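Both of the next two complexes hold chain A, though its partner changes from chain B to chain C.
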Partner chain A sequence: MGQITIFYILAFLATACSLLVISSKNPVTSAIYLVCDLFILAGIYASLQAEFVAAIQIIVYTGAVVVLFVFVIMLLNLAPNEQSSLGLKLPDIGFTLLTVLSFLIVTVLLVNEQSSVSGGALGPPEAIAQLGGNTRAVGMTLFTKFVWPFELASFLILAAIIGAVHIAKKDPKPADKAYGNLKASNREKAIYGSP
Partner chain B sequence: MVPLDHYLVLAMILFCIGTLGIVLRRNIIMVMMSIELLLNAINLVFVSASTYNQNLDGQVMVFFVITVAACEAAIGLAMVIALFRKYGTIDTQFLRTLRG
Partner chain C sequence: MGLNTPALAYDAFLVQLLSSLALFAIIAVLCLQIPPIMVWVERRGPAMMQRRKGPNRVGLFQWRFYGLLQSLADAIKLIWKEEVVPTGANKPFYHIAPIFAVFPAFMIACAIPWGADITVFGHQIPLSVIHLDVGFLFIFAISSLAVYAVTLAGWASNNKYALLGSLRASAQMISYEIPLGLSLIPIVLIFGTLDLNQIVLAQGAFPWQWGIIKAPVSFIIFLVCMFAETNRAPFDLAEGESEIIAGFHTEFTSTKFAAFFLAEYVSMFVLSCLAATVFFGGWQAPFVPHDFLVKTFAGFEWVASLIGAGVLFLKAAFFMWLYVWVRWTLPRFRYDQLMGLGWKFMIPLGLANIFVTTLVCAFIYFK
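Up next is the complex of A and B:
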């Protein structure tokens, strides 16, 4: 009983935070609500006895990805008229299709109530407890069964680092030109003195 | 005990909210935050199914999804910076070079 109450509170908060993420006017506000949403989802993971996933959710998403978003928002320094608000056009065809599709999915989920999946035990199996907790069990799975995908993931991160640096790098030509102009103006200032 | 359907319906609601954000927002940074919402909804499905089937593969998959999401955020934000430097805006209304 307590568990389902906690789930409903967390689910309501997660839905509200997600709606606020997509509907706030300022991107920084959206980023803060995204942090709230990720924390609440980490709480849901923890209530599902997936402590390792909850921890890396907080560390990686909240600690790295959202900080990256906030840095880019700060770097771009958008003018207030460029912060577009939610341009809701309700009779849009995509919106209508999406609503109908999600309603159909909910209906199918609720009508086809399969007792085989909804009656699973929530408690951790004895094997996990014997292995020494969720993190250790996930680590054992990761480094035995999924060791090649793990190596591929590290390769993907390496490629992403190199790609991000290359894409965000300034073009050498305009940078040199700007620096040359700056030097020229400084030289002018040095010759003619500052006004 | 919470039935599995509750988690699936919650994940579907979050996925629909994220899709709405992708469709409706015009700021590219907001579109990328909506993509993060989508990935979180998928992670919720993985974790709940993993717990209910008592199989840890789902949680390992969440690890990989988070890895891919971090890479996607890094590359995408680098592209946003490059776009802003080239065109001076990140409004999708004005970025229509690829529209035929």
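Up next is the complex of A and C:
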């Protein structure tokens, strides 16, 4: 049917992009293929009528996480000899075969499990429509059935944020120390010069 | 679209598809007209404020059209300029970056509802190319992709000023995306839907029913973030010409530069449309309920929808003028001020706004 054809096309593209992520020499190229890959995954979610998850996938992964990857890669500005450190090339036959095989296995599994795919944790499309749309259904499930895992996950993320801030926080700059005994407004003037 | 409505019959699907394509063509052509007109506004507007004349020479024979043809002349000059690719540029990304810039702007223009649903050959057609019940999230998802254009453009052109500009621009866009999203959550809470057309319908035709009255703080945050997201003055540090030449598009010439230009103006227009849709009743004409229009044009309901599109366009035009107005009124921010405003003021304000709105919704609206 239409849906499964779209899935095959998207799955093929996603696999191709994933292959290109690990086979390109330039890290920025890899990152951009990763963007494409995550975008196509969002397309797969959308074709399964999970528009909410698709949109969140693009917002979180494509639009935020990989941007940071790209930043880091660009700022490190890897030298050309470091760039090919991965050393993988597309015609690496054994590797390609392995990927194609795993792709086939996943596809076959998915086709066999099609009934459960269209069902899912939220139930069939009719039940979702009855709940008042995809977003409402996801929200209701998150805050009723999965409320404890959800809260725990957010607690974990909070801990990670605090940890990241703690690691990123350095000692005060020498400039701040030197001018530390001045008043805040005077300190700014002493550092930046008067406006 | 076909995916969301699997039960749709074949001819209904065909009508949907064709009308979507036609609508996309209309919107794309409309969006292409934005930059020339806006360039004219942006030169005549400040001329008016500063008691100068502005461009008023280029015309056709003895007609001057208030210098409107200057934009046409500029466009022709821009397209015919020699294209220079800098040495050491990363060619694929250098060529693809302008496309990355234009794509999200046009995609978002597709998600804006331009009027009430119309009936074509007995099938109901929504007046937005991409009609989703998560329209809000779709807009955020696509607009978050605009960062890549800026980042890649600056990095690929092998120029330090361009790289600095792209870092500034992308950091700014990522920072202000957060308060932009936070500012719209109260709207979703109040109207209880993520569908843009439903939000317009929920607002009604009278100004006291509009989003700006129900969520004024949201509007202020949205307005500030709107300027920051499009890298416009007073937040145009990305192209602070006194510091870093022209920022990320320093090395782009000819049509590629025109593409960045187009992307900037189209995203300004799209955000203006979004502001009008969310806070100013969208395509509903003020004080004229849509039902009344439909009754007046009985048999020609599409006229009512057309009027709606015109009304939305006028509302967006106000915000476009606001962009120009602010640009020639406020001086440019310093970079640390910009980041401070975003992270230390806008985001906490947005969170507090959500908290208060939630309380109000829970204890007053839905009681």
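The criterion applied here is as follows: the second predicted complex is superposed on the first by the 124 of 195 C-alpha atoms of A that agree within 3 Å, B and C clash if a C-alpha of one lies under 4 Å from a C-alpha of the other, contacts with A are read in each partner's own complex, and residues count from 1 in each chain.
Quick note on the criterion: a residue touches a chain if its C-beta (ideal position, glycine included) is under 8 Å from a C-beta of that chain, and two chains touch if they have at least 3 such contacts.
These numbers come from a predicted model, not from an experiment.
Chemist: Does chain B (first) or chain C (second) touch A:F52, or do both, or does neither?
Modeler: A:F52: touches chain B and chain C.
Chemist: Which of the two partners, first being chain B and second being chain C, lies in contact with A:V35: first, second, both, or neither?
Modeler: Once the two structures are laid over each other on A, A:V35 reaches chain C alone.
Chemist: Determine, under the contact definition given at the top, whether A:G133 touches first (chain B), second (chain C), both, or neither.
Modeler: The answer is second: A:G133 touches chain C but not chain B.
Chemist: Which partner does A:Q3 reach: the first (chain B), the second (chain C), both, or neither?
Modeler: both
Chemist: After superposition on the shared chain, which partner residues are touched by A:M74: those of chain B (first), chain C (second), both, or neither?
Modeler: second
Chemist: In this superposed model, does chain C or chain B come into contact with more residues of chain A?
Modeler: B
Chemist: Just to be sure I read the superposition right, which of the two partners does A:T62 touch: chain B = first, chain C = second, or both, or neither?
Modeler: The answer is second: A:T62 touches chain C but not chain B.
Chemist: Which chain A residues come up in both lists, the one for chain B and the one for chain C?
Modeler: Common to the two interfaces on chain A: residues 3, 49, 52, 56, 64, 134.
Chemist: Touching residues of chain A toward chain B in the complex: what are they?
Modeler: 3-4, 7, 11, 14-15, 18-19, 21-22, 27, 30-31, 34, 37-38, 41, 44-45, 48-50, 52-53, 56-57, 60-61, 64-65, 68-69, 72-73, 75-76, 78, 82-84, 86-88, 92, 94-95, 98, 102, 105-106, 109-110, 113, 117-122, 125, 128, 134, 137-138, 141-142, 145-146, 149, 153, 156-157, 159-161, 163-165, 167-168, 170
Chemist: Would you tell me which residues of chain B are touching chain A in their complex?
Modeler: That would be residues 1-10, 12-14, 16-21, 23-27, 29-30, 32-34, 36-37, 40, 43-44, 47-48, 50-54, 56-57, 59-60, 62-64, 66-71, 73-75, 77-82, 84-85, 89-91 of chain B.
Chemist: Could you please specify the touching residues of chain A with respect to chain C in the complex?
Modeler: My answer: residues 2-3, 6, 26, 28-29, 32, 35, 42, 46-47, 49, 51-52, 54-56, 58-59, 62-64, 67, 70-71, 74, 133-135.
Chemist: Which stretch or stretches of chain C touch chain A in the complex?
Modeler: Residues in contact with chain A: 2-4, 6, 90, 92-93, 132-134, 137-138, 140-142, 144-145, 147-148, 151-152, 155, 163, 167, 170, 174, 177, 194.
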